[in-house]
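Each of the two complexes below includes chain A, the first together with chain B, the second together with chain C.
Now for the complex of A and B:
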C-alpha cells in the first residue's frame, strides 16, 4: 500500500475514496470508459469485458466497473492494448447480434452500436454467427418485447429484475451459445411475477428488450423528440422523458432519465412507463358541451360555454349567496391551476369553499 | 414527508404502516427493497399480506381500524422499558408526560386482543424502532382514511418525538402522497384552511394580505372541506359546484347520497379530460388538456417542486386548465394581470408565499426540482425538515385514546370491508382503464376473500357475488386470497361498473373530514350466474358502449 492519497488515471490525479471502482474514479476525472453490462444501480458483474483497463503492476487488464481503486494506483485507459480489446469485444458482439446500426436501432438506441462508431469498428469484421438463442415468440404480455437475435447476454436485465425491482421474473437459461433470457417454463411475462416496470428495457444496451407499443409504432427513438416532464400518477414525482413524434403530434413512448440524475434514479413503474394511451384516446373531450332545457347535452363554442358557466355561477350566487357555491380543485392538475382556482373562488366569487380530493 | 425519497435506501429500520408501497408507490418500494438488501430491518403493519411482507422481518397483520391500539402499545413498550430519547424530548418537545401517562394502560397483551398482533411482536418492533438511529416511518391512506385518521397520525408522531427520529437523514415521519400533485394542490391553497404557502385562512392578517394583493375583500366565513361540501349539498345549502379534474361520483364515499344531492344542484360546471361520471350532472362541460399537453409544476411527496412540460398539442378544442380558468376569471370581471403562461402564475404565488419565495420556473429548468421551503434565490432548498430542532419551536406530544371505527362487524354485516388501489390501475381509472395493456392485465373489479371465509359462505373462487353494506350493493367477482385475514374482505375502487364507494361510509375524521374508506361492515351474497346475461363488473368506455349499441 502506498501512502498516496491519490489515484492516477491517464496521468490525471484524483483523490482516493475507499471502496470506489476505477469506473467511478475515472468519471470524476471526466474520463469515459465504455460499459455495456454495467448500471450504477446494480452490483458490478464484469460480464461484458468492454471496460477492461490497464492497472500498473497487474499483468492482466482489469474490469473498471468492478475493480476497486487503491491509494497510489496508476490506471491507463488510453493505450493501444485497451483500444484493441474494446474493438475486439465490440466485433465479437457484432458477430452475434444485428450488425447494421439502422436495423439495430429500429426502436431503441443501442449503446453497442454507438461504441461501434466511436471506437472505429468496421461492421462485418467477423462472420455473423447468429447464436441459436431461444426467444419467447408466443409471449402475449402487452408491454415488453424480447428480441433474442439482438441479445448479447450481458444479463443487465436479469440483474435489474432481481436486484432493483426484486421480482426475479426473468432469468438466464441454457448454456454456451444457447444462453438466453427466459422466464420460468417460457411463460408469457404477464403470467410471471413480472410487474411490467420495464426496467429491463431501460438497462438493455442493444435494444433486445424493447417497448412493444413503440415496436408496433415503428419509428426509431433517434427520430423522436424527448420532453422532460413529471409523471402524472402517484406522488413520487418520477421524472420522465416523453418521446414524441412531432409530425404526428403523438406520444410514442416514455423513457426514464439516466440513473443518479433524478428522484426516481432512472426507475419507472408500469403506469409511468406504459399507461399513456389515455392521452390520445378517442374518448377525450374535445368540444365544450352545454345542457339544453330538455336535459340533453349539445356541443357549443368556447365563448358560449364560458359565458354559460360564469352566468350560471353568478345566478346562484345572487339567489342563494356566496356560500352556496363550492369549488373542487384537483391534485391531478398543476400547482398553478390549483392557485388559479382558489383565487377564482376567493377573489372572483368571494367564498372560502375551495378544496380537493387530496386532504389526506 | 419530513425526509426525502432518496434517503430511504440508507435507513436502518423501516416501519411501513397503512401503505401498500409496492403497488401504490412502486418507486419508493424500490428504495425500501434496496434498504432491506443492504441489511435494514423492515416492519410492515397492514391488514393484508401485501408484497412487502415477503421481505419484512415482521408483519403486523392488524385488524382494520385498531391502529391507535398498536401504536400506543408500541409507545407503552418504549416508555416502560426506558427506551425513549430523554435528551431529545427535553430539548425539543412539550407534554411528553401526558403521552407517557396515556399509553401506560395500553399494554401489548391487551393490544393483542384488539389488533390481533402478538404482544411479543409489538415489543420486538417497538424496541427495534426505538433503538435504531436511522429509523423512518412511512405511511399513507391506511392511516388517514379513518374516522380516527388524525388520532392515528398523532399516535405516530408521538413515536417519532419520543425516540427523536426527526431532523436527521433517513428517518422522520413520511406520509407518501397518493397523487402526483396532492402536495402541490395544498401548497397552492386549494383548501379551505390555508391560503397559498400554508398561510392560515382563519388569520385576519393573512386574509388582509391576500385582499390587498388581489384587490378584493376576503370572506371571513370558514370554508367547507370536501366532506362537508358533500353533506352541505345533501342539505341543500351548496347550490352550485365547479369541479376541475375530479370525479366525485366515483371517488367520494357513500356515492349514492352524493349522486342524489348532485341531482338537486342548480348549476354544475365540470372541467375534465374525459366525460366522467360527474359529467352526467353537469350543465357545462369544459374539455381540458392533460398533463402532457401543458406547462406547470407538480410537487411530489418530498416537497419537490418539478416541472411539467408540454409535449404534444391537446386534441381538438381542448385547452389547458389554466387557460380556461384565466378566461373564466376575466369573464367574472376579475382584475388581474394577463398571465403570459404558468411561469407568471407561479411567480405571483411565490411572491405571496414565503415558503416558495426562491422557486421559479426558470430556476427549476436550470437546477432541476427544488424542495421547499426555499426562502430565496440562493437557498438550495430543504432535503429534510426539523433539522436542529422542531420547526414550530417545540414538538407537541398529543395523547390519543382508542376510538372504535364508525362501523364494526355485527350479526347482520359480519365482515370488515377495506378498500384500496392496485398496481395496474389508478383511482377512478379514467386514464388507466383506457390502456389496453393494463386492462388486459386487470380487466375487472374483484373482492378478495379468505378461502375459509369463502368456504363458510359457500363462495367459489371466481364466483360472482354481491358485496352489501348498509349503503349499497355492488356486484363483482370473488377472489380467494390468503392476503386477507378471515372475516376481512378487500376491494379496489377503480371500476365505474362496480362502484366500491357505494359501499363505503362517509363518516369522516373530525378534523380533516377524510372519509373512512378503510373500514366498514359488510356481507357477501353469492349470485346465481345463470341469471346473468352480461357480467356487470367489467368496464366499458363510452365508445365501447356506443359500439355495443
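Now for the complex of A and C:
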C-alpha cells in the first residue's frame, strides 16, 4: 500500500477517504462517470457495466460504482478503452430495449437515451435482440406498470424495494436473456407485499417502471412542467414535483425530487405519489361555501367566509367563555400549518385547547 | 429483506422437497423459511431443475453430444412419449450422446481411464483404500508444514482458472477471523468435462482426506460440499466415505460435514456464484474484490477448491511437494484430461501437465477420422486447429495461444465438423447458462447466437458477421465473471483459425 494520501483520477489529485468508491471520489473532482444501475441509496451492484474505468495495476476495467479507492490509486476515465466500453454498453441496451428515443420516452425520461445522445451512439444500429423477458401485462394494480421491453434488468427497482423500503415485493426472476423483474408467481402487485410507494418508478433509469395513470394520459414527461411543492398528506414535509400539463391545466403525475436534494431523499409514499386524482374531481370544492338561514349552502368569497367563521368563533367565546372552544388540526396539515393553528388558538383566542388528530 | 431469524440458506432444499416450482410451493417455502415470497420465487426460477417441474429426461446438447447425435436420442425419447428436453450439459461427454433421467437411473463409470501408475497424483484406477495417513502426517508435522508442502508442490487449481492453491490456503490463514469455511466445488459442468465425477465415484476417500487436511491446516470446522444435482451417485459416494472414515476414527469429531445439492445452473461452478447458492440466493457471481479467502461463505474467510485439486492433496503430503512438482512436464503435477468428441476411447486420462495433444490422442486410442480442431478446456477455451497438436497442454502455454486449459475438458473435432455449427453450439450453451446479471454477457451471448444463425440463414453472407468483433471485444472486457469474459472465445477463435468457413479467408 502506498504512503500517498491521495487518489489520482484523470491526472487530478483528490484526498483519499477510506471506503469511498471511485464514483464518489470522481464526483468530488467534478468528473462525471455515467451510471445506469446505480443509486446512492442502494448497495452497488456493478451490473450495467457502463461505469467501468481503468485502474492502474488492474488488467480488467473496474466498476466505478463499486470499486473502492486505495491510497495512491491511479484511475483513468478518459481513455479510448473506457469510452469504447461506454458506447458498447449503450449499443447493447439500445439493441435490447426500445432504441427510438421518442418511443422510449413516451412516459418517463430515459437516462439511457440521454447517454445515447451524450456519447454519440447511433440509435438502431444493431439489430434488435428481442430478449424473451416476461412482463405482467395482466397485472391489475392501479398504479405501477412494468413494461419489460424497456427494461435493462439493472434491478435497481428490486434493490430499492428490498434495501430502502424493506418490502421485497419484486425480484429478479429467471436466468440469462429471460431474466426479468417479477413478483411471486407473477401475481398482480396489489396481491403482494407491495405498498405502491412507486420507488421502483423513481429509480428506474429507462422508464420500464412507470405510473399507470401517466401511461394512460399519454404525454411524455419531457413535455410536462415540474412544479415543486410540499406533499399535504401528512406533516413530514416531503417535497414533490407535480408534473403539470399546462395546456390542459392538468396534473399528470407526481415525481420525487432527486435523492440527496430534499428531506425525503427521493422517496415518496403511495399517497404522495399517486393520490392526486381528487384535484380534478368534479365534486371537489374550489370556492368557499357559506350556509344561508334556510340551511342551503351558497358560494361566497374568501373574505365573506372568513368573516363568518370569525364571527361564529368570537360569538362562542363571548357567550360561553374561551375554553368552550377547541381547535383540532388535520393530520394532513404540514408542520407549519400545525404551528399556525396553535398560534391562532393560544395567541388569537387565548385557549390551550389545541390538538392534532394524528397525536391520538 | 428477510426478517431476523429467516432461514435463507434452507430455501433451495425446501423448494426441492416441494417438488420445485409447483403451484403453492413458493407460499409454503415462504412460511417455512420467512424469506419473502418474491425472493423465493426469484431463486426458484434461477435453477432449471427447480423451475422445470415437468421434464423427466434431460438430453445433453453439448458439443460432444451433438457430434454423437443428440437429436436422434431426442426423437427416440419423444417417440416413446417421454417428457424430454435439451439441456446444455449433463457431465457425461464420455457417454455421448448423454441423457440424465430425473426419476433416477444407475450412473455408470467412465469406460476408459489411464492404467494405475505411481506417476499419478490421483490415480483413478487405484483401489480407494485410504489409510488417511496423509492426514495423520499433517497432524504430526503441523499446519505450517502442510501449507509449505502445498506451496512447494506448485499445484494450480484444477477447476479452470489455474490459480495457485497455496495462495488461497495462505490467504485464509492470514485472516484474523477464526470462523472459517472449507467449500468443495463439485459443481462440474463445463461441457467436455467429466473428471470430478470420476474422482468422486472412484476415489471418494481421496477427496474426503484432502478436505480434512485443508480443514486442519486452516483451522476450519465446517466443510460444505456442493455437488452438481445430476451427480447423485457421486454425492452418495462422498457421503459413504465420510461415514466410513468417521467410523474408523480417521476424522476429527469436531468437523461438521454439510452436503448441498446443485439444482441446475452451470454458473454455480463459478466460486462466488456457488457461495450465493449455498446462502440460498440466485447464483449470480459476486464482484471481486473482496475475494472468498477474505469474505466468502457468510462473509467469512473461505477456501473453495475444485474436487481434483483437493484430491491431489493427500499424495502431495505423502510424497512431498517436490515429488508432485516433478510429475508435471511444463507445469507442476499430473492432471486429469477428459477426452471426448471424435476419439476412439472417450474417457479420463491422467498425464503430466504439459503433455501434448498428440500424446493425449494416443492415450484415447487415436482420433476418429482426421483431427480438424480441438477445444483444450471445455467450451470456454474456444478452438485450436490441428496445427496446434504439439502445444503443451498446461495453463500458461495454452493462454499464450489465446486459449486455455480450463478444466481440461478436451473435445476433438474431425473433418466432418462445420466450425460455424460448432461455434453456434457453444454460443447456445453460453446463452442458456448466462446468469443474466451483467449486460455484456446477458445481451452479448444472445447477439452472438443470433448472428451465427443469421449467417447460416443468409447462405453464409460474411456481412452478417460484422457485429462479432465489437461484441466479443466488449464481452471480454466488461463482463463480471469468467463466463461472460470467455463466452465469445469459441466464435472468435473459430474465425481466427478457420476464416474460410466464415467467408473471410
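Keep this in mind: the second predicted complex is superposed on the first by the 288 of 360 C-alpha atoms of A that agree within 3 Å, B and C clash if a C-alpha of one lies under 4 Å from a C-alpha of the other, contacts with A are read in each partner's own complex, and residues count from 1 in each chain.
Everything that follows uses one rule, which is that contacts are C-beta pairs under 8 Å (C-beta built on N, C-alpha and C of every residue); 3 or more make two chains touch, one makes a residue touch a chain.
All values reported here derive from a predicted model rather than from experimental measurement.
Enquirer: Could you look at A:258 and tell me whether it touches chain B, chain C, both or neither (first, second, both, neither)?
Expert: neither
Enquirer: Look at A:120 in the shared chain and tell me whether it touches chain B only, chain C only, both, or neither; answer first, second, both or neither.
Expert: It touches nothing on chain B or chain C.
Enquirer: So in the superposed three-chain picture, is A:182 touching just chain B, just chain C, both, or none of them (first/second/both/neither)?
Expert: second
Enquirer: Look at A:129 in the shared chain and tell me whether it touches chain B only, chain C only, both, or neither; answer first, second, both or neither.
Expert: second
Enquirer: Who does A:96 touch here: chain B (first), chain C (second), both, or neither?
Expert: So A:96 only meets chain C here.
Enquirer: Tell me which of chain B and chain C touches more residues of chain A.
Expert: B
Enquirer: Look at A:163 in the shared chain and tell me whether it touches chain B only, chain C only, both, or neither; answer first, second, both or neither.
Expert: After superposing on A, A:163 lies in contact with both chain B and chain C.
Enquirer: Let me check the overlay on chain A: which residues of chain A are in contact with chain B and also with chain C?
Expert: 163, 166
Enquirer: What does chain A use to touch chain B in their complex?
Expert: Within the complex, chain A touches chain B at residues 141-143, 163-166, 190, 195-197, 213, 227-239, 242, 244, 249-251, 261-265, 267-272, 274-291, 297, 302, 305-310, 312-317, 319-320, 322-360.
Enquirer: Which residues of chain C touch chain A once you look at their complex with the stated criterion?
Expert: 1-2, 23, 26-27, 30, 36-42, 45-46, 48, 51, 265, 282, 287, 431-440, 442-447, 450, 454, 467, 470-471, 473-474, 477-480
Enquirer: Quick check: in the complex, which residue numbers of chain A touch chain C?
Expert: Its residues touching chain C are 44, 46-49, 52, 60-61, 63, 66, 81, 84-85, 88-89, 91-93, 95-96, 126-127, 129, 131, 152-153, 162-163, 166-179, 182-185, 192-193.
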